[in-house]
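So the structure is just underneath, and the comments pick up after that.
Going by the order they are written in, the chains are A, B, C, D, E, F, G, H, I and J; count residues from 1 in each one.
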Amino acid sequence: MTKAAAAEQVVTARLRSGRTWQEIADTVGAPVVWTTAALLGNHPMSAEQASSACKLLGLGDDVAEALRLQPYRVRDEAVLSDPTIYRFTEALSVYGPALKELIHEEFGDGIMSAINFQVDIARRPHPDGDRVVVTFDGKFLDYRW
Amino acid sequence: MTKAAAAEQVVTARLRSGRTWQEIADTVGAPVVWTTAALLGNHPMSAEQASSACKLLGLGDDVAEALRLQPYRVRDEAVLSDPTIYRFTEALSVYGPALKELIHEEFGDGIMSAINFQVDIARRPHPDGDRVVVTFDGKFLDYRW
Amino acid sequence: MTKAAAAEQVVTARLRSGRTWQEIADTVGAPVVWTTAALLGNHPMSAEQASSACKLLGLGDDVAEALRLQPYRVRDEAVLSDPTIYRFTEALSVYGPALKELIHEEFGDGIMSAINFQVDIARRPHPDGDRVVVTFDGKFLDYRW
Amino acid sequence: MTKAAAAEQVVTARLRSGRTWQEIADTVGAPVVWTTAALLGNHPMSAEQASSACKLLGLGDDVAEALRLQPYRVRDEAVLSDPTIYRFTEALSVYGPALKELIHEEFGDGIMSAINFQVDIARRPHPDGDRVVVTFDGKFLDYRW
Amino acid sequence: MTKAAAAEQVVTARLRSGRTWQEIADTVGAPVVWTTAALLGNHPMSAEQASSACKLLGLGDDVAEALRLQPYRVRDEAVLSDPTIYRFTEALSVYGPALKELIHEEFGDGIMSAINFQVDIARRPHPDGDRVVVTFDGKFLDYRW
Amino acid sequence: MTKAAAAEQVVTARLRSGRTWQEIADTVGAPVVWTTAALLGNHPMSAEQASSACKLLGLGDDVAEALRLQPYRVRDEAVLSDPTIYRFTEALSVYGPALKELIHEEFGDGIMSAINFQVDIARRPHPDGDRVVVTFDGKFLDYRW
Amino acid sequence: MTKAAAAEQVVTARLRSGRTWQEIADTVGAPVVWTTAALLGNHPMSAEQASSACKLLGLGDDVAEALRLQPYRVRDEAVLSDPTIYRFTEALSVYGPALKELIHEEFGDGIMSAINFQVDIARRPHPDGDRVVVTFDGKFLDYRW
Amino acid sequence: MTKAAAAEQVVTARLRSGRTWQEIADTVGAPVVWTTAALLGNHPMSAEQASSACKLLGLGDDVAEALRLQPYRVRDEAVLSDPTIYRFTEALSVYGPALKELIHEEFGDGIMSAINFQVDIARRPHPDGDRVVVTFDGKFLDYRW
Amino acid sequence: MTKAAAAEQVVTARLRSGRTWQEIADTVGAPVVWTTAALLGNHPMSAEQASSACKLLGLGDDVAEALRLQPYRVRDEAVLSDPTIYRFTEALSVYGPALKELIHEEFGDGIMSAINFQVDIARRPHPDGDRVVVTFDGKFLDYRW
Amino acid sequence: MTKAAAAEQVVTARLRSGRTWQEIADTVGAPVVWTTAALLGNHPMSAEQASSACKLLGLGDDVAEALRLQPYRVRDEAVLSDPTIYRFTEALSVYGPALKELIHEEFGDGIMSAINFQVDIARRPHPDGDRVVVTFDGKFLDYRW
């Protein structure tokens, strides 16, 4: 079973079971964004993690095995064009060059790692309508020869 | 003068003057990420903002006029391929589907606005190496007919 | 079952049953453009909506379940190249920059939301041939930090 | 002078003169969306139209001549990626197939013309925030051999 | 059954039956280019047309049903790269701008409709080798507001 | 001078002079579609042809020299997206596979040459609106080893 | 059976049978490059050719039927990126413009036909390592109106 | 001066001087295809070669210097779409897989080098029309670890 | 069985068996990078190599046969976008032009062969974190006519 | 002055001066691959580095200033298609998946950094022809939350 097929089964099983991603993450014992990404196929899970998630959702061993496989984390323009995801890319078109300037000014020539990296999401209440707050937090890496 | 030509003059003048983006933002009286994005051509400035920035950097009226123009905020694959900016896009390939699931679970069907939106950047000290922390903060918009 | 497979079943069942989209929308209790978009896979339906539509068209529970799933609303160039849809895109090439200028002049820097948004279609009789009238109606969102 | 160069001069002259697009359209004696599209290079103007617009904005005969030239109305992905314009395209990804179904159901096999066509824009006041209303109005053309 | 699958069955059945496209068109009672295009999936057939074609070729009701479905007429670069089709596109690269100039000079600003449109093909005997003559015949539509 | 620059001068000079393409073709002594294509840069002219055209339009020797140069006849997606030209391409998406089938049935495996080829354009009066009739006429070439 | 599926069966059957392409071509009674191209799906075979090839390779009638079908000869960038094929394309990037100049100088404005065309391959012994010699041989076609 | 600008000067000077590529090659003392490719910017010339070519064509030292520069031999889709060059690419779509099979059968797993490589062009008289014969001749390189 | 299907079986069987790529390479009797590339479908194996690998991993004869087939080594942008592979491509964007200059300076005009070529990977211990060291080692080929 | 314009001046000045990249690197006091990449525009230089390089090559202060600017390190497909650079990309198509497997097996889930990274090039004498040896050496980064 491919990781994509396993992800489809996870999504359907979650809908049927009524479990939240947070409940699954608590069972797996890992942060909720990481767990969701892993169950959708973008991180390999340990045997224990895969097994506990599949048990909770009533999925078989073949799904668990697929969740353990090393993923190809490919760039998929169709996925990136979904409006909920696209807004992040659009924000990068508007603010990417500014972030680049400010990273270089504060840290020097280098990048924010996307590997030594974590991302969180929170709801921020606001009188004009609640807000989605997503935090990208990665280690600075300088161009070091 | 185009906004792109104005942005080039801003970058060079800043290098020569030794001013930081924060100093320019303080002069303009606006947040530093917004100000940097505007000076690089992605937001229109008011006449006062453009004028104060150009005065600080020793730039002419033609630059100030260009900074006031309404921009086209285009998607530029070359810009997005710069490693410092690319890491954000790569993170979206890995975590975008998870963020989408979690936004829908928490808020329902909809998006984080990239218009009613602000972004901040900070340095987070860490014993293994300081970290770049970028916060995307946008109003939730639900698919509402 | 994927939403794409469910959409194919909907289209075929509608052809066989002779139902109009309006009849289906009346059964579902939602606007006709929204209902059609949802049945073609671009909006998630509630359990009641999915169930009533499937009952009317004689479709199974697996179709109803698929209609409830959260969609990926992807950009599909093949779909956009169909002449009936392409004419809208062509009109944007001709009038998009003008609409942008007029939105900015009337409302300031910002956009018409495509989320807090509705679209209607009507026939307008005309002696030279009836006309298709499509109205895009979205909340104005200003670039607000 | 190319039509693109003429359009840049129009935009800058309008900013300096403080004229609205509506005022220019009134001077030209044509609908405001059409006039704006023409001045941005997407429709050829008559000698009288070009001349009256240039006179109002203080532009030279070379600009007027360029405004009279027959345009190439090209598809420009960079322009279409501007957020204010992009939302229309995104709406087509979501609602295009539904519009296609409803056009075929109501009119038969065919298209909404983008040539025998007009587009209008209006502000619709709304307690939750005013709305941008854009109306596409084109003659129905059936596939007729 | 999809229209693409139906088209494959039509092509194979025609090869086996030895029928010409003209014979099929005569049976269907429609022009040969239109009929061929419809059987290959680019026009919807009426129930009678689909039925008579399938009867002649010995194809089942599922094929007939698929032939009645409304098509997506997509642009498929692979199909357009076939040499027999590509030569038409190449001719447009060479003569397209000239045709545009001559249409505008003769008819004014507008297009040849591809909807109110017919196309014919003929063999023209010639001592240096017979010639393929393809005639595109569409109603002129002017840009009319 | 490049052929593109020469073409721009031709187009402007023609507008100023009020000459029709047919008049220019008569002066050059060649068919009007060929002449227009050549003046727009897609065919090399003989020294006499280039010279007579430039004399009629009041253009210099550098233009004449450029018109004599061997062209690169490139595929330019922007040009092909102009609506007046695009309709031909759209027709190929709809009718290309049918034309391919009918060419093969009538002539065997091969193509209509786009080199040993001529194209004509005519106006066909019609009570419902006059029609643009474009004839592609090329020698059949069979796949012959 | 599609021509692609037939080609896969041919390739596997050839591997198992140990036959060379030359032996198959001798059986078919056609040049080896033509025969190989036809068996891989890029030329239609006569009933006799298809039958004799399938008999030699122990393949069924469905394969023979597929080999007779008229092919779509599409441009497939994946295939063209295979290193053994890519080197030819790379050579065209380096020498294509020179070949164009020399064809025009020797023959006038026109092309080497790829339809009235044959290609051969040979091994040329050389002390520094044997060489692959591929000869493209096509009829010159001039741009003739 | 860039190599592209130098190439433009070479082409124009050759037209004015009436020299053939063969005459230039004889002066340079190198094969005609190589010399033409070098003068069009795809090979670096030695100081003597550049100097002798420029002397013959009456071009300046800046052209000679540009001809000596190491080129970027880039893939340019516009150039490859010129019909005279495109036919070679089309032939690769049709015969590339067959050539790959035959190279592997005769030589084993590997490629024809495009570096240790030469290409020649000749006219082959033929009663049905003379033929363009282009020979690609490259050293076989096997995948050797 | 295709080579891609065989590769999937190899990856899963390896995970289940717990074998390392080095152990498989030792069994096959070939370098580990070569063996891994071959098992993933990018090199043809000899009958002995394929057989010994399949025996070790408990895979069938159909897998072994697929491993012997000559591969198409295609460029697959999705694979190249995986972060672990992408970093190599990114390094080429930064250092590719420098490597080109230094190859030309040291060796003359030519390339590093990717056919007469081997690649090795090693771990280099380092106090700041161990390093991945990948060595590309290919024969220099000069542009030699 | 842009960094691209500065790079052009560096390349020409180096040709005229006869300096090697190693001599320039010794003057700058940095590794030769790094220095070459920086002078071609892909790394920012310190004021001292830029100044010493420009002094050696006889270039002006404007070049030195451009060399100090922070670069955009963009992906440029034209540059990557140059044969000398392309061979590296081709090797990644063949060996990239194998390198990914071996990195994951040896180091776990993660990447070779392209930022904390150095690259070296050397000539390795060989009786069959000397070899280009390029070593990529980057810190391993594991996916660490």
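FYI, a contact is a pair of C-beta atoms (placed from the backbone, for glycine too) under 8 Å apart; a residue touches a chain by one contact, two chains touch by 3 or more.
Not measured: the values here are computed from a predicted model.
Chemist: Pick the pair with more C-beta contacts: G-H or E-H?
Modeler: G-H
Chemist: Would you mind pulling out the distance in Å between where the CA atoms of chain F average out and where those of chain H do?
Modeler: Roughly 29 Å, centre to centre.
Chemist: Please compute the C-alpha centroid of chain B, do the same for chain F, then give the distance between them in whole Å.
Modeler: The separation of the two C-alpha centroids amounts to 47 Å.
Chemist: Among the residues of chain B, pick out those that touch two or more other chains and give their numbers.
Modeler: Residues 43, 73-76, 79, 81-83, 90, 93-94, 100-101, 104, 110-111, 113-115, 117, 141.
Chemist: Output every touching chain pair, sorted by label.
Modeler: The set of touching chain pairs is A-B, A-C, A-D, A-I, A-J, B-C, B-D, B-I, B-J, C-D, C-E, C-F, D-E, D-F, E-F, E-G, E-H, F-G, F-H, G-H, G-I, G-J, H-I, H-J, I-J.
Chemist: Under the stated contact criterion, what part of chain F meets chain D in this complex?
Modeler: By the definition above, chain F touches chain D via 8, 11-12, 15, 77-79, 81-83.
Chemist: Which bits of chain H are touching chain I when the two form their complex?
Modeler: Chain H reaches chain I through residues 30-31, 34, 43-44, 70, 100-101, 104, 109-111, 113, 115-118, 141-145.
Chemist: Under the stated contact criterion, what part of chain A meets chain D in this complex?
Modeler: Contacts found on chain A: 81, 83, 86, 90, 93-94.
Chemist: How about chain B: which of its residues touch chain A in the complex?
Modeler: It comes out as residues 20-21, 32-33, 36-37, 40, 42-43, 73-76, 79-80, 82-85, 87-107, 110-114, 117, 119, 121, 123-124, 126, 128-141.
Chemist: Quick one: which bits of chain E touch chain C in the complex? Just the residue numbers, please.
Modeler: On the chain E side, the touching residues are 2, 65, 68-69, 72-76, 114-115.
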